[in-house]
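Structure below; questions to follow.
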Amino acid sequence: MTNREIILGRIREALKIAAPYPTFHDSATTTSPLPASPQSWLPPVGETLEEQIQLFRRNAEDLKAGFRECTNANEAGQYIKELALAGGWKKIGRHSGELTDPVARELGLPEVRTDGGYAVNDLESCDAGLTECEALVAQTGSVLVSAPSAGGRALSVLPPHHVVLARRSQMVPDLTVALQRVQEKFKDNFPSFLSFISGPSRTGDIERILVLGAHGPKKLTILLLP
Amino acid sequence: MNVHAKTFNEAARHQTADLRQRDWIQKALAGYYAKRDEFKNRFQSWSGARDTAAAVKWEAVNHLDRYLDEFASRLEARGTRVFWAPDAQAVRDYVVGVARQHQVRSIIKSKSMTAEEIHLNDTLEQAGFEVVESDLGEYIVQLRHEPPYHLVFPAMHLTRQQISDLFQDRLGSESTDNPEHLTMIARRVMRRKYCEADMGISGANFAIAETGMISITENEGNARLTTSLPKVHVAIVGIEKVLPKLSDLALFLPMLATAGAGQPITCYNTLYGGPRQPGEPDGPEEFHVVLLDNRRTELLADAEQRDALHCIRCGACLNVCPIFKNIGGHSYGTTYQGPIGSVITPHLRGLQDWKHLSQASSLCGACTETCPVKINLHHHLLHNRRNAIQARPARFEKLVQTGFVFMMRRPRLYEWAAGIGRILQPLQRLVQGTVLDPLRAWTKTRSFPPLAEKSFRELWRKRKKL
Amino acid sequence: MKISLFIPCFVDQFYPQTGMNIVQVLERLGHTVDYPEAQTCCGQPAFNSGFWDEARAVAERQIAIFQDAEIVVIASGSCGAMVKVFYPELFHGHPRETEARALAAKTFEFSDFLVNRLGVLDVGARFPGRATFHDGCHGLRELGLKNPPRQLLQHVRGLELVEMKEAETCCGFGGTFAVKFPMISTAMGEVKCASIAETGAEFVISNDSSCLMQIRGVLERQGKSVKTLHLAEVLAQT
């Protein structure tokens, strides 16, 4: 018998006896259909895109992520230039994309492009990572990235400042919709990596005090383009 | 009393006498309570969320064979190696085998209680591999050669001064009392390790059957780095981690963060569905998922306590447990601490050896009240007690209980015994606190009340006569 | 209403006054009180230690004694929980299951009875002083009785009720736990007493005498002047 058969066999044997459906104390146990979608319980999200953007803004602020609405790609580029100046950036990492290409051109800094592969030490010495994303989640202030939309796995986590370029149409109300969109888009051919990023990295491991900037980026900036 | 129970008693005695440490743990948790309540209250209904979460886990665990099979098949279809591990030794052998096959020298690890459970680090180190814990708290306790203190916050028992001294001693860093500086010291060390490691080992918070992905929740980014750069990624996953659908995460991720850490959502929630796919610029060449049983199927077979497998390892029960807060995480002497640990350890490691954990509880129920998936934790402590007695009743206690029954079924005998108690009480007062005192377990630290001059039934009888 | 009293064994022997206070309050409200003298103990000490056969042997006697009672009022949250919550579990699949469930359904902890069954909040009590309330775990979590004791105390003339931070934290009694793990039990008692002290209250009130035994035990060793009172004792004062 293979290990798989052994374990599945143990499970099937164990499950021969039914366990009571969840209740508290021993009130009458019945099997019933699973309760409603989590959207009934989770914090409410606004109806309109505008409300959702404002909610995202508030959440991003609480998470200590930078958030800025830009009227066009030029404005985004200018703003990132200011960040680069303030941060003393010498080299950035990025992937090619509709939104990243013009911004990178504008910045004019030496860059490491992750498309097609890269040397780890090159990426490690970048001051910032510039990516796009799959979606922005209003309910939690999160950025959903994937390997194809954010230049792989490491680009959005290794350099100390992560800058995300997103479109308004990428704003989704909550995690439920974000996951639905992902399933609709990729069907059975998912990228090997998807991540919800909610703020710059942090830790509470020292005296349970919150410290911003642990192993991942110390700074996260999200720019919303039309 | 077996050796584990003895060790537990000694550790508990030692810890409860350490007032400074007890105070420290209380302080460390104070901020958590406020934040947890703040974010719970943002839910439209936290209790509705708990009901749904409990129902989803019930579905997953009670159809575990189906969902586990689906999970494994989908992973394999996209190039992941799935290893089914019936026990701890199987995992250890497998991981060492993979490491040897790839001529690995250094291994970087992100937090995994499952890996703790099977003592994977020790095995790998003995086999000659360097293993570094990348999670800050885990790294700290690794340097101190001690086990994690808490499921979610491994180093919460330490002050910043102790951590600074540790880093100064082991890493040669400057002394500092700034938590941010301490974090940066660890960050600098780890950055090299991520870039150089040949293999990354992680755990998983959830295993999504529908899409064949594991989900890892973290704040630091160390798990993402552990699983992005090394050319081999091995994930150790307990079989009970299964969730049926991807959409289930929309509920579980916020609940895990709120209950576990008092956060609305944890910083990184990452889904891994395979090794590097064609067209992806990075990611491991090989992705292995190890499905661990290690006696979980025994707990599964106990239908009464099966819901203990619904646990999402949030640590909320530890955070509210007055026993945990007063004896600390190390006193438990085993991987899983607090109420959930006290419930499952007898199943995973032996009832008679570990029943004392189920006995060391006042059954206050705060754990059950707080559990996001509504596990009937404190009642299971009662069930473990009953099971332990049924399997092997302690002779002395059996005698006492038989005597108790005999007396309580005979009201006149009960009254007579109480009368004897009244006569003997002054004698007890004489020897109070000494080894002759039968009530010593109580009177050592607390005053014991006198038996009332007249019992209620005597007062009632008197009253009836009037 | 004819009310049958279920007086836990330790209330009978250590705190009979609490039982009498309950009688006083119920009679003041115009009810007849009965006390079946054959009763002894609910069986919880055996149950909690895992000796369920022994617990059943004691419990089935209690069930038979209260068979014909209309309503049963019990003087403690922990014994109340034993009857209401655990008797059905203890007798699950047992010939006496129906009777066990019937007793569970008609048994009420004292404050639960007054507020939820009688709909009474003001029992005409007067007790001047500053007090804080300790939630016994069984009453709080097994029986869901956060509000009834507080609602009753709010109507006591002259009483100033202040909440302590750790009101819902276990005092550490836990039955045999108190003597099997005395150092942990005492540590928990100390945390509770520190929280009481923080309120500046002269009295700590609870609806569970076993908790009061623990709290008083710690307070007296600490030489603190805070007095412990059962809810019934406060409500009995006019």
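Order of writing sets the labels: A, B and C. Residues in every chain begin at 1.
Here is the rule we go by: a residue touches a chain if its C-beta (ideal position, glycine included) is under 8 Å from a C-beta of that chain, and two chains touch if they have at least 3 such contacts.
What you see is a predicted model; the values in this text were computed from it and never measured.
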{"item": "Chains linked by the largest number of contacting C-beta pairs", "value": "A-B"}
{"item": "Centroid comparison with subunit C (C-alpha atoms), farthest chain", "value": "A"}
{"item": "Intercentroid distance (Cα basis), subunit B paired with subunit A, Å", "value": "28"}
{"item": "Chain centre separation in whole Å, for subunit C relative to subunit A (CA means)", "value": "51"}
{"item": "Centroid spacing, where centroids are CA-atom means, of subunit B and subunit C in whole angstrom", "value": "32"}
{"item": "Residues of subunit A whose C-beta touches two or more other chains", "value": "none"}
{"item": "Per-residue multi-chain contacts in subunit C, two or more chains", "value": "142"}
{"item": "Residues of subunit B that touch subunit A when the two form their complex", "value": "28-29, 31-32, 42-46, 48-49, 51-52, 54-56, 58-59, 61-65, 68-69, 72, 78, 83-86, 90, 134-137, 140, 153-156, 158-160, 163, 179-180, 182-184, 186-187, 190-191, 194-195, 211, 213, 219-222, 224-225, 227-229, 239, 246-247, 249-251, 253-254, 261, 264-277, 279-283, 287, 291, 293, 297-298, 300-301, 303-304, 306-307, 374, 376"}
{"item": "For the subunit A and subunit B complex, residues of the former touching the latter", "value": "2-4, 6-8, 10-15, 17-22, 24, 34-44, 59, 62-63, 95, 114-118, 120-121, 124, 140, 142, 147-148, 151-154, 157-158, 174-176, 178-180, 182-183, 190-209, 211-217"}
{"item": "Interface residues, subunit B side, partner subunit C - complex", "value": "9, 12-13, 16-17, 22, 26, 322-323, 325-327, 359-366, 368-369, 382, 385-390, 393, 397-398, 401-402, 404-405, 407-409, 411, 414, 418, 421, 441-442, 444-452, 454-461"}
{"item": "Residues of subunit C that touch subunit B when the two form their complex", "value": "7, 9, 11-17, 19-20, 35, 37-41, 43, 45-52, 54, 57-58, 61, 137-138, 140-142, 168-170, 172-175, 177-189, 191, 213-214, 216-218, 220-221"}
